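For reference, the structure is listed below as structure tokens.
Each chain carries a letter (A, B, C, D, E, F and G) given by its place in the written order, and its residues are counted from 1.
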């Protein structure tokens, strides 16, 4: 079901800004408030907004349930992959500073933490969106 | 390289496995079961290796992210951990194997992918509880496994399961919140969350109200999770309406891990010096456990539904473990920890047998099972052995553990609890004899004759776990020294390790 | 001695507060949903913009000031739309508008 | 911590909590719960817990409210108590 | 032809989002700029059709005129606020609400939206419903209602921005 | 200046209390929704004020997030009132 | 007597308030018969506990635990914040699971009042 023209237009205009703000929150997790989880939630809420304003079919077109599954797995693999990479390079799980990059220890740790945050963000976004899909619509038995 | 990291791998592998299952189910639904099976197999091997390492070299410590303990999260494995981990993963392995054919009837086909995903998440949560040495981490893993358990209970086709699951969710959330408050109190008082660190910092504060409050919150919260007697109300519905594989899993794995957490908090965080000297809580535990044993058994006698009867019997079996914790001397604790093994084995076996009856005949009530032993002989025999172990007949593991608990009660001079243990056994015999009598010595009713005659022993993937568990009941009883070798050092660590 | 910029900030904030107070008073005094939407939609938006403008002047020319400006813009797009959505819902639900001399809801 | 804010916001929270569980209409209860979450987020911001405040703003006021509304839309809005 | 237009739209979206990113971020070092470019690209890929739907002529001029309009609107909004505040705080509450409908010849979605939101923000009126070209408006007093139906100041201004038939 | 901000914040909280009256009493869900929306906008200003009292810029991020999220929640509730469903 | 009470009250009134809200939530969880009310109560209960944690991290004159260039800055204790972030994740997933269960309960039973549900359970 669609909303009327005003709401649809405003939502259309605001969605990209919400998304870029979500990504901003994910990337600036270390230097400001926020991080992967919050950014993921805000990103998911942009899809929820699309679902509210244009109907769920439109939201599904943008990000389908299968894409959600895939993305949530990808995010988790990213997170666990970094952890296992640390083990491979001789550190403990999530001991970022052991990864041999041509950077100093603190920079490596920051970069790896960023990647982990991104993984968390992707997973949270996908999971939240699929929870919304599941709760909002009656699935056909 | 890898052997150093087994501690973390035992938690990470099921998580990865869960998501791999999800992906594989996306490609083809058939792939889910093998992946789940392989994951749990690997984990079982890891847990055995961990136990071996612990027995050889002493407790293992693992710091997450190379942060040193008071600041970072620490995973610790000592003999108790290793033992519980092996028991839990053994049972999960068998439950997973059992679930393959069992859930076909009980769960809609498109939910199977989700079922195995959540199954593995539950295992991950449970393993996390077992290995972690950090209180807040314990809470997080407890919630992961509980959330998975709610979802699993509601996954079946049974109508009432949903409401049962909801009640379980409300009670479980209350308990989790209480545990969270308790952790908060301890953190405010000491400024640390590491269990070993807490045990070191707490003794000077034993007199303060805040610690006692924290203790009470922990006890109440964990009592709800383990369904200790007056707080058991969520348990019968959840156990009896869940799909059979899930009942077997939750009744063995979830409740045992709750008991493990209770032991950990009581004896490692709050040392015996506190729980025995400062607050007379152990006495209270003994009495509650005694009431739980008797009331659980009496309620089990009044049931007509087989799984519901087993659920109430779970309440009473939990009483034995709590009784052992309450007596808190070396023999009783040995018995209690052995009882974790024996209860897991026999309850798992019994729930699986009940599931097998439902699978083959569709009967849930006890009266419908008349004469079933003629067509399902192996299942009936397994049921008989597990029941014997539950009653405490000599060569079984149930007997050994009850023997140790009674020994502990005698040692501490509490004759009354020996009487309770005996009375509990008697009541157990009453309610289980009824089932055995129906199975072996009655002819089927006219209405059910065809169904009973047409029944067969369940397919191999269900029968093997049942038989393995039934034989484990006897083997662990005969070769009881093998588990005792692990249990004794852990008991010494718990009681007087300091 | 108060700096003139600070004075301007204070003035804007006080002006904004006046509108911010008028909004809820209207919300309580006015008789029905539609008129209340007038109060909440306009007074609040104005008050908010004035207070945030005051902060922009207090902040000077930095990135934070730009963020505040963005916040004002956002509110100017979103607030009327939200009001519109609610009022439309009330209209669809056939809530009868208050007429002069009618009974308060 | 700004104690004046702290006190007023706490008072507000308690009022909101009581209202949220006493009101009959479930939609109203959800609206009040979302207001409660908003104020909780402000309180946490005022207590310097910026991360938590951010999370509560995004989760409590956004996702949870929408999920509640979605659940209401598939069940019923009336409640007996 | 379509492709070219699509690419153009994507470029515009990307630039707008990147500018927005820089304003938000405030860091101008390499890492954050590259991250901003990547993020803008991702969002552009996800919702390029969302920000700009159809390319019409004179986009820049529209933007310029729109910013002037915003200035006018701000004064109107101030008036609106003081108007409502006066009516609310007046002891007798001099209000006489009524619902009016009127037709507008505007066709563009954005123009209609701007008109509706402007009506909501200007003195004494709130847009209730927009159905095709028919606006249903709730007015606080009969004066403001007359403004909307007879003078049509806002509508003319909006039409002038978007070069739509008045 | 900080004192002015504090007073402003307190006055704002008082106005939020006025709105709360409408949220709790207000006949029907529409009134409650309008009042809740008003509280949302006031809260944004309150957050900015708190940020300036502490002198930290990060509070602005929360305020921006808040503006967006509050809009989504209001829209969801309005749509539910109007159509009886979210999607 | 009363003075000391007030003194201790105002010293720790954050905690007292948190406990009051906690009790309101717990009451809703246990005594309300509507299932959605129960979940609302659960939310209130959990946020109150989080409040309790955050209150414990307060440092007089401290500022938000995000690094500033000034080395002499006093920060509030960041560990409770990190813990609560995790706990909020848990809380929102609990809410989602609860709501999904409520929807399925409504689909099978046609009601979300606990007493009516119990009556229906008795019948079958």
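Following the convention adopted for this analysis, contacts are C-beta pairs under 8 Å (C-beta built on N, C-alpha and C of every residue); 3 or more make two chains touch, one makes a residue touch a chain.
These numbers were taken from a predicted model, which means no experiment stands behind them.
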Partner chains that chain B and chain C have in common: A
Between A-D and A-E, the pair joined by more C-beta contacts: A-E
Centroid-based (C-alpha) most distant chain relative to chain E: B
Centre-most chain, if every chain is reduced to its averaged C-alpha atoms: G
Mean-CA-position distance for chain F and chain E (Å): 22
Distance between the centres, which are taken as Cα means, of chain D and chain C, whole angstrom: 22
Chain centre separation (chain D, chain F; CA means) in Å: 11
Chain B and chain E, separation of their C-alpha mean positions in angstrom: 62
Multi-partner residues of chain C (each touching 2 or more other chains): 25, 37, 45, 47, 63-64, 67, 70, 74, 77-78, 81, 83-85, 88
Per-residue multi-chain contacts in chain D, two or more chains: 30, 48, 50-51, 53-55, 58-59, 62-63, 66-67, 70-74
Shared interface positions of chain B, touching two or more other chains: none
Parts of chain D lying in touch with chain G, wherever the complex brings them together: 1, 6-7, 10, 13-14, 17-18, 20-21, 26, 29-30, 33, 36-37, 40, 43-44, 47-52, 55-56, 59-60, 63-64, 67-68, 70-72, 74-76, 79-81
Complex contact set, residues of chain A against chain E: 4-6, 8-10, 12-13, 15-17, 19-21, 23-24, 27-28, 31, 62
Footprint of chain G on chain B - complex, ascending: 136, 139-140, 143-144, 147, 150-151, 154, 159-160, 162-163, 165-166, 169-170, 173-174, 176-177, 180-181, 184, 187-188
For the chain G and chain A complex, residues of the former touching the latter: 64, 66-67, 85, 89, 96, 99-100, 103
For the chain B and chain A complex, residues of the former touching the latter: 1, 5, 8, 12, 15-16, 19-20, 22-23, 26, 62-66
